[in-house]
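Every chain is named by a letter (A, B and C) in the order it is written, and numbering of its residues begins at 1.
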Amino acid sequence: MSEPVGEPVDGLAGRPAGEPAGERMHALVERLHPICRSMTGDGVRRTLEIISESIPLEVHEVPTGTPVLDWTVPREWNIRDAYVKNAAGDRVVDFARTPLHVVGYSVPVAATMPLGELRDHLHTLPGEPDLIPYRTSYYTETWGFCLSENTLKELPEGEYEVRIDSTLADGHLTYAEHVVEGSGSDEGSGAGEVLIECHTCHPALASETLAGIAVAVELARSLTEPRHTYRFVFAPGTIGSITWLARNRDRVERVRHGLVLACAGDPGGLTYKRSRRGDAAVDRAAAHVVTARGGTVVDFTPFGYDERQFCSPGFDLPVGLLTRTPNGAFPEYHTSADDPEFVTAEALADTLAAVREIVRILEDNRTYVNLFPYGEPQLGRRGLYGAPGLDQMAVLWVLNLSDGRHDLLDIAERSRIPFAEVARAARALADAALIEEAEA
Amino acid sequence: MSEPVGEPVDGLAGRPAGEPAGERMHALVERLHPICRSMTGDGVRRTLEIISESIPLEVHEVPTGTPVLDWTVPREWNIRDAYVKNAAGDRVVDFARTPLHVVGYSVPVAATMPLGELRDHLHTLPGEPDLIPYRTSYYTETWGFCLSENTLKELPEGEYEVRIDSTLADGHLTYAEHVVEGSGSDEGSGAGEVLIECHTCHPALASETLAGIAVAVELARSLTEPRHTYRFVFAPGTIGSITWLARNRDRVERVRHGLVLACAGDPGGLTYKRSRRGDAAVDRAAAHVVTARGGTVVDFTPFGYDERQFCSPGFDLPVGLLTRTPNGAFPEYHTSADDPEFVTAEALADTLAAVREIVRILEDNRTYVNLFPYGEPQLGRRGLYGAPGLDQMAVLWVLNLSDGRHDLLDIAERSRIPFAEVARAARALADAALIEEAEA
Amino acid sequence: MSEPVGEPVDGLAGRPAGEPAGERMHALVERLHPICRSMTGDGVRRTLEIISESIPLEVHEVPTGTPVLDWTVPREWNIRDAYVKNAAGDRVVDFARTPLHVVGYSVPVAATMPLGELRDHLHTLPGEPDLIPYRTSYYTETWGFCLSENTLKELPEGEYEVRIDSTLADGHLTYAEHVVEGSGSDEGSGAGEVLIECHTCHPALASETLAGIAVAVELARSLTEPRHTYRFVFAPGTIGSITWLARNRDRVERVRHGLVLACAGDPGGLTYKRSRRGDAAVDRAAAHVVTARGGTVVDFTPFGYDERQFCSPGFDLPVGLLTRTPNGAFPEYHTSADDPEFVTAEALADTLAAVREIVRILEDNRTYVNLFPYGEPQLGRRGLYGAPGLDQMAVLWVLNLSDGRHDLLDIAERSRIPFAEVARAARALADAALIEEAEA
């Protein structure tokens, strides 16, 4: 990883400069938006195919019925068409317009019924009468349609033809991994695995689901020769991370740091939710970055995305959640209004920049020992006094706190100097043989 | 203890519903108010007799001269009558109107003297000219009267007859205990003794002294089959708790939790003063309850009520002080204005409700271990997903933090969910065999 | 040390009352102000001579070339005269008016040159056009003059004669010590060395340099029979403390507490900067005193005065910095405006009073054990109940917290009672045999 923090997000080392990353991420969000994703099924496979045009993926297919921790891989759901037709034969609700119109995991139905009976299967948001809600029924066999309250109000009484052409049958749960191998060996160097996870199970939710995927893809594209190994996991929420954990139980201990990405594209500010541990390196790194960017840091709660599973007490992995406006805290959340217009290229670029700064800290954080700890060393004769491009206070802080007990992130936090400046000072001091890396 | 927190304070399990507890407590305050209590004497005995109409008491009589810790049980004081008569023979100050008129522990006097000489024995509150102050002279032999500044101003110069018909003689110090035995054994279960203490030594101070007694009595009436043993102690301040400690030195270590009750009936908000330890279970429980009720939590100070003795460094018991407006912080404090009108049934009921919630936490707090700690267990197939009457967030929090290191109160504090909801979720999870109590 | 905290700063025990200390310190500042001090040279020697009229000094002369830690003692600089003359032969810049006019460590020069060429050697403060800046060039051989921007503006083009009659040659670095021996032995009593350090290297900076010296001198005069040994060090900044540390490496561990004094005479409030440790006894003592006086306490930074050296990670001594307005935070800093008028006798007296209170805490802080820890001891029969001159709350706090784990400063902090009151209560309790000093 050779690009310093603060560089523009394009023109990454080893990559041809192309269209700006923000626009590229937004284009990916737009392209993925119409696909009907769910916990399983061909929509997920199609999503992974499109991702694999940008980064190679290893796709895993786990059969229905496979025991995974306390759960069982469910049947696979696929859907070809669905509609509600009025007496005139017009599709008043049409799956072809948006996959949100069908309750996820709806069982097949083909019937004609009066509106009064149909109503039990119709879901709206009376308080947001223009929006279509997102609904699923994973573990209760039923069927339903989602529509706007305004559309519902306009439906006259009478008979309606309802049709859901879906299948719920033995099949597979599909998830994928992309791995960027790190140069650091596992032993001694402090290097390990960094887990970046996004959920892939929601149809047509642009910021909530697709923005995180786009940021992860762009991050994966730009990682060159990192010290840590970066494992990107694209999996359905809950059951997907549970499946991944079940199949990787013996390697979970390699995870040194982790981030779940979701709600990553709206114009609001950044929010980092700490891991269950609260003081993991990723928590400190993310707090440093997000706070400096005017964002918010909140404590762990066992509700949200797949950090719930990674942070269950048996695993207790150092995995936090990075979002912009958090789940449930914006009115577009889980509705048709979370569409590509709600997501901006600027917001995606800002999320990416924050993730890259966090990664930069995870890559560059070290603990040093001052080799001249008695008094200050004479910087002038080593060309480090008032040297251009060096923050003199960062130099003094690194010298003062490099006693083997403070890492560079500690120093950045205590001095309130950006980590990048502290790391640059440390490199200069190490080059001048004034400090050396502490033994682990 | 079967009644859940939040139930009305009446209609307790196993108790006939009677007049509301608030009114019942207020009636007790009114009835006890006229009695002349002091450090010793028949006023204390009469007070205990009235209490014993509600709850059985074991009354202890400790002879004058008994060494108790660094102190000695003093002589017993009793008083039958006292007055100041003017030249016309009218009682211008009359003990029969309120026992506050006589300085506690006044030695007998029968004399006639000019006002100038009498003034040295008269105590007023010039800043609150309508109020009669409360004064004692326990360890200096003297006599005196308390009266309002306005009454004093109206006394013409001239001769006055003064008379205090008191005795200060060998006798006893009187205190009483009421014990509700707990079902929990001392070993393993975490059960122990809960000490509830009130001072009984002040005459005619309704909120300061009597409200705490009334709340303690009502609490004692309502405890049914608790896990802990509850020991209620009614004793004179300072010397009484010192006497109790001296006579119970070998059993003091059984005290797991404790509360001193005083200033418990005024309309102000609740205040909890932490024990000297500061982080005892009772401190955390009381902080949780009092804060949720909009009250204030303050650190320990070695001034106040008998928590001073329980929290002396040799004992250092986990005993805090629960008041409404604290001692010294309301203008009626230690004056004739602290009368039954100053105390409200609503305030008494609120204090009782807070004490009962604290007790509920002490009873129900447990540490659990999640038996399915790898990922979240599937709640749906166990009927715990969206189950009515269960706080879903409480369920997730209990699962996430039940690792043997967090008790339910920790979980309530961290999740900011009321303890009762957390405890209810824990019971449901334990019933579903998802968690089990951690070994101590 | 027999004078209690809070006494007037004059009339110290064993000292004849003379002119008030504030005025005396201000007179010393005025007298030292015109002298041309630098890192080395006769100006430093003259400064020490004047100090030695008040307190005996041991002066150390360390030869040029002596290795000191990572540094080497530099050549000695002396200057006799310096000026810039205009075409008419008038001294438009004259060292005789203020030593600030010459860049410290300027090499000799004798030349005539046009203003255009001379400008490269002239330093002004365009933003403060009336003030002369303070500049040095210790480790780069050059020469220069400092003058006000207004003076520079008035210089017509033309030829100027410049002359600096200086020498930069092998010689010595000069520093001095004054020691007040303490009565406490090093073992067991908790007594050790207290280091008080001032920099002596700046010419004509009244508050920044001279006020600290004046306060140190006055403190040294007033110390009588202290428990600790007080070592006052007057040395040039950076290289001086490095030299002292190099020559005292084996005794550095004796330093139990330390204060660097600088910027000690301006009318602003006090500021204490913590040692690198942050929780050393001197940090707690200074925070107690400075906070009570309305001042500010800030965390350690590795920038400022010689605390940088004492707090380098190899030494990590418990040495903080006491200033009034800190270095760089007042517009007069490092300019000709930091003159004796900027310094007030009141500010000097206030700094001295604060230092003496800190010293008083370092002297008097002890840890006691309550000999009657079970309940409160009966204070009345020992004459300690409501005793005049005793803070009753301080008495109760000392009894309550004297368990061998809290020193008097802890008790002062927790009770928010001034240390002096707490110490007085402890003396009374020790006299009454209720507490005794804890074994170390």
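The definition used in the following text is that contacts are C-beta pairs under 8 Å (C-beta built on N, C-alpha and C of every residue); 3 or more make two chains touch, one makes a residue touch a chain.
Since the structure is predicted, the reported quantities are computational estimates derived from the model, not experimental observations.
Visitor: So with touch defined the way it is at the top, what topology do the chains form here? Options are line, ring, star, complete, other.
Guide: Contact pattern: complete, every chain touching every other.
Visitor: As a multiple of 5 degrees, what angle does the CA superposition of subunit A onto its copy subunit B give?
Guide: Fitting subunit A to subunit B on C-alpha positions yields an angle of 120 degrees.
Visitor: Suppose you list every residue number at the subunit B-subunit C interface; are over half of them used by both chains (same) or under half (different)?
Guide: different
Visitor: Round to the nearest whole Å and give the separation of the Cα centres of subunit B and subunit C.
Guide: The answer is 54 Å.
Visitor: Send over the residues of subunit B in touch with two or more other chains.
Guide: Where subunit B is concerned, no single residue meets two or more other chains.
Visitor: Could you list, by residue number, the parts of subunit C that touch subunit B in their complex?
Guide: So the residues of subunit C in touch with subunit B come to 370, 372-378, 380-381, 385, 393, 396-397, 399-403, 414-415.
Visitor: Inside the complex, what are the residues of subunit C that reach subunit A?
Guide: On the subunit C side, the touching residues are 69-71, 139, 238, 241-242, 245-246, 249, 276, 299, 301-303, 308-309, 311-316.
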